[in-house]
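By letter and in written order, the chains are A, B, C, D and E; residue numbering begins at 1 in each of them.
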């Protein structure tokens, strides 16, 4: 049992330096999605991003992924400015983005094959991952034949399969029922504790963020800004049922939820 | 304040009668998604469907919507066998299915205009709905310019806009942050209490199901079957913060979560 | 079937004299008669070789240029105006020049077929490839796929529905053009059979190659349909 | 607006055209073929053609036929293609039918077409119509097939009849694909506009071209080819504007160039 | 006025050798009746064969024809037609379609063509009868001993110079151009098979003539006078032909209406004996059954008509 907490002196693997993102829209000329975001993520840290819908969480992930280059500012990985995607940063997209012409197995095997893993080995690993996400028996299904939650699990498995150093996960459990979600949270934590991956995790669930993270980044909306960064100082490895009884855990959840209410200025009731 | 509970003698608006659904897949010949489902829904009832990912919740909704005709059995609306979609049953799809060539406002106005509502009136109503779901200011955005959660809210507004008698909602709050979700749950309950709509509501959150419903239908997987139907006997109107302190509410949640664990036989841990 | 019925109707009700439009019965019995003769088989073979070679060249060029220009702005900046200029040119007008460059044999006809079938395939590929869902490309890039490989591993399969539509159109055009080329300068092939018959008013013999090309079109399209449903088995529309 | 990169992009078509002409010049000089004049010879013949009032009238006559053929083809093919895409029965009926009709070279059917329609405008417009409708039908067909099912369901649930769904959902959703077909159709319209005048000739651009071809006046032939090419560029540019306006909603928003590095 | 007033006659034409019709087209004012008493709807075709089809389909009333295409229409297409005028023929001493080889070619005689690639403008066209006959007379089987390819007149010179064919047929104005350039020589000409070969004549559908005799008569009268004008005023004819063919006048100047051109009958009168001779050659070479040229002759309506 090795406690992995944010107190450990660790090097910054990802640095986001005064990043802003402006989108050109058809409606008005410019739309400021992210404004002056700075954030440093330590190697091996599990960082969650929380924020109201539309605050720019996905956009931030795209920038770290190297898919979108920020309008101003820069994101760095290990000191190098990120200029494009690479297998060191594995994304799980909110929209899954599975390859429709590949089966479940084909989708999951894609990454390892691309990394040069031998076919038999890649297949064995992929089958294990597919089993882990609860899709044994669906190996030869095409994405169109899967339910929403099943697609999401395939997307998760596809990214885990090629062992990226940094995981960029955009609500990876959003379409899952509570039970499957809990199981996969545990699986993810196990993988993380074993491989010391760095995880940047977008979620809507305060509960989930506190349970999983070393650090929770709270964002606010219009334009997207970082409101607060909260260190979650809970022992690891964490067990859900133990944690639920831990008053510190409860406090984190309640505090963050309160913060959320303050942060969210959008919308109105009927 | 009028108490609307399942105890009221109400006519069955939807009857699902021994419905089974078999899909032809490219992998194996037949895939049994739903097996022998029977369920009656009373007029004005709020019924939630819970079940593990891939158990056939969306499929069941499609059958009631008339989009898919079941392999065997039949679904009835007010005694009439459902043979196709109609404006009396409004779906909110898990994948949103917004019209990409229309703006947010265009999408929301589509239904009322189709129902013959005058343009100015339809626009006023739609703008109010857009404001309700927290998207004021985004009226002229195209779907591709929205975040995941924003698209989901447009989909919700689009269906609410044409006042279907029965709402068929497939995880309509799945992509939303906790705060927005709570607000929309309240809005939905308000609308429901005001208009006495019948709602068939798929969700992954036990909590949400208990909070909203008169009845929770618990499904199990492979093949999809109804495992149990639980009447939620809590007073209405419900207020979230009051309910959280109600021991009956707590018990429902705990009971259903336990049931979930029993029901879910799929997958394995790492 | 319907075509044949209409055809028979036109003949029987006197909308067309038999010397211009012979009754289908005659034509089909002559077709059967001809099909087993060695000379006719050779004519078909000549036409088929040109058809397939020209079409294959068009597919290879059209798909690769289309994808390359969708993927790379520099290539696109060069290819796009060239396509705009060359695509609408009536290629038959170049045929005399082609004949002199490539001779009267297969070469000139294959080139003409390829030139005419190329652009529908190229344009479809280009549009298909330039509207590929970006997140598919992102996923593949993040999995470590080198950029040029993305073309084969993502852009090509994702653009496949559009490419196959282009191929279907290209195939039909190939059928027409191979015939036209053989008609303009005919020494062999179905087009040649047709012109010689037409010049001497052998209406039945004229319709035999026409029916043959129709049937060929039908068969090839059927094969393309099978290929399509195989290649697109994962796509929602298949 | 006028950054060097933007200027370069603007100028690219010009450079490409000059490049093409230069390649042509070099090739024709190398081949020394009477039937393959140099680019300069062809360019020199252009003023002769465009200076001739009769030739201009001829070209306009061709363009009028083309516009007719194109217009009618688009009006007929889009509905047919969409219907085929949404109804298996319609597709099963028309698919083989079209596949039997299209591969037949129209030139070969001239005698019968002449019998019914004479040798005038109608025949040529018909030939153009057939050329244009082929890609428009098939792109509409495949576009309609690929429309996301749940969008159709949403429409049905709002009370749209199947005809309304065809017009108000399938049509806009398939529009990008349909327009691809129309663009190919435009290219084919120009080609068939010329070739339809190959056998039976009346006033027209193809007439000028094929007469020159018969007479071995290759500079005129290639001058006409350049003129047709120029018409192609113009029509294409106009079309591209219309397209961009109609389907702005479908353009991909992000773009990573996949350079070959 | 006459019964045919303001009637329209649909005429097919082609290039390059119908000067009287080109006059009617381009100088209608010189013909008192055209456009006033009756109208002509001109349609140009590529070659005579499509016009035969158009005649048979009833899409044309009168058209330029070659003897062979007309005969084909009669045999295969149930066409009934009258030959009402003649455009060009091969007058002795004038131009005759010939087959050329390169100067340095080893082919010296027709017999040397064995095993060679030979170009012909239209396989199964009007020149092939006399061509086949000459080959047979020289012991060459046109079906087996040579490789026959279709080479349009316009490209024949190039095809020969590029070595795509060993011998190829030449026609005006391309022959004049090739001769000016030099390097080719004549191997044999059609006149060796028979004199006075008729290349192009004018034919009208019999049913049309029978129904509108006055109309056709007026048409033939104008053809006759057109031919007269063409022959009488070479200067103007060059202009007219230039307008139609778009060939530059200097090129036309080298041959048109000169000794190295085809012959034209001053009254545009069809030479029925020559036509009969040609039909006989076609019958002899197996291209057609035996036919009587008399069936094409209308008792009264035939050029010259004054």
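What we mean here is this: a contact is a pair of C-beta atoms (placed from the backbone, for glycine too) under 8 Å apart; a residue touches a chain by one contact, two chains touch by 3 or more.
Heads up on the chains, UniProt names are A, B = ABC transporter ATP-binding protein; C, D = ABC transporter permease protein.
Just so it is clear, the structure is predicted and the values come from calculations on it, not from any experiment.
Where touching is counted per the definition, the chains common to subunit C and subunit E are D.
Distance from the centre of subunit A peaks at E, each centre being the average of the chain's Cα atoms. Inter-chain spacing, taken between the CA centroids of subunit A and subunit E, is 83 Å. Mean C-alpha positions place subunit A and subunit C at a centre distance of 48 Å. Subunit B has its Cα centroid 27 Å from the Cα centroid of subunit A.
Residue positions 26, 95, 142, 145 of subunit B are each in touch with at least two other chains.
With touch defined as above, residues shared between interfaces to two or more other chains in subunit E number as follows: 53, 56-57, 152, 154-155, 158, 162. Along subunit D, residues 33, 35, 111-112, 115, 148-149, 198, 210, 213, 248-250, 253-254, 256 each make contact with two or more other chains. Here subunit C touches subunit D in the complex through residues 2-3, 15-17, 20-21, 71-74, 77-78, 80-82, 84-94, 96-97, 100-101, 116, 119-120, 123-124, 127, 130-134, 137-138, 141, 147-148, 150-151, 155, 161-162, 164-166, 168-169, 172-173, 175-176, 179-180, 183, 191, 194, 198, 206, 210, 213-218, 221, 235-237, going by the rule given at the top.
Residues 8-9, 12-14, 16-17, 20, 31, 33, 35-36, 95-97, 99-109, 111-112, 115-116, 134-135, 138-139, 141-142, 145-146, 148-149, 176-177, 180, 183-184, 186-188, 190-191, 194-195, 198, 206, 209-210, 213, 221, 224-225, 228-233, 235-237, 250-261 of subunit D are the ones that touch subunit C when the two sit in their complex. Against subunit E, in their complex, subunit D makes its touches with residues 33-35, 110-112, 114-115, 118-120, 198-202, 207-208, 210-217, 220. Interface residues of subunit B facing subunit D in the complex, by the touch rule stated above, are 62, 65-67, 84-87, 89-91, 93, 95, 97, 99-102, 110-111, 114-115, 142-145, 158-159, 162, 164. Residue ranges on subunit C touching subunit E, taken from their complex, read 17, 19-20, 96, 99-100, 103-104, 184-187, 192, 196, 198-203.
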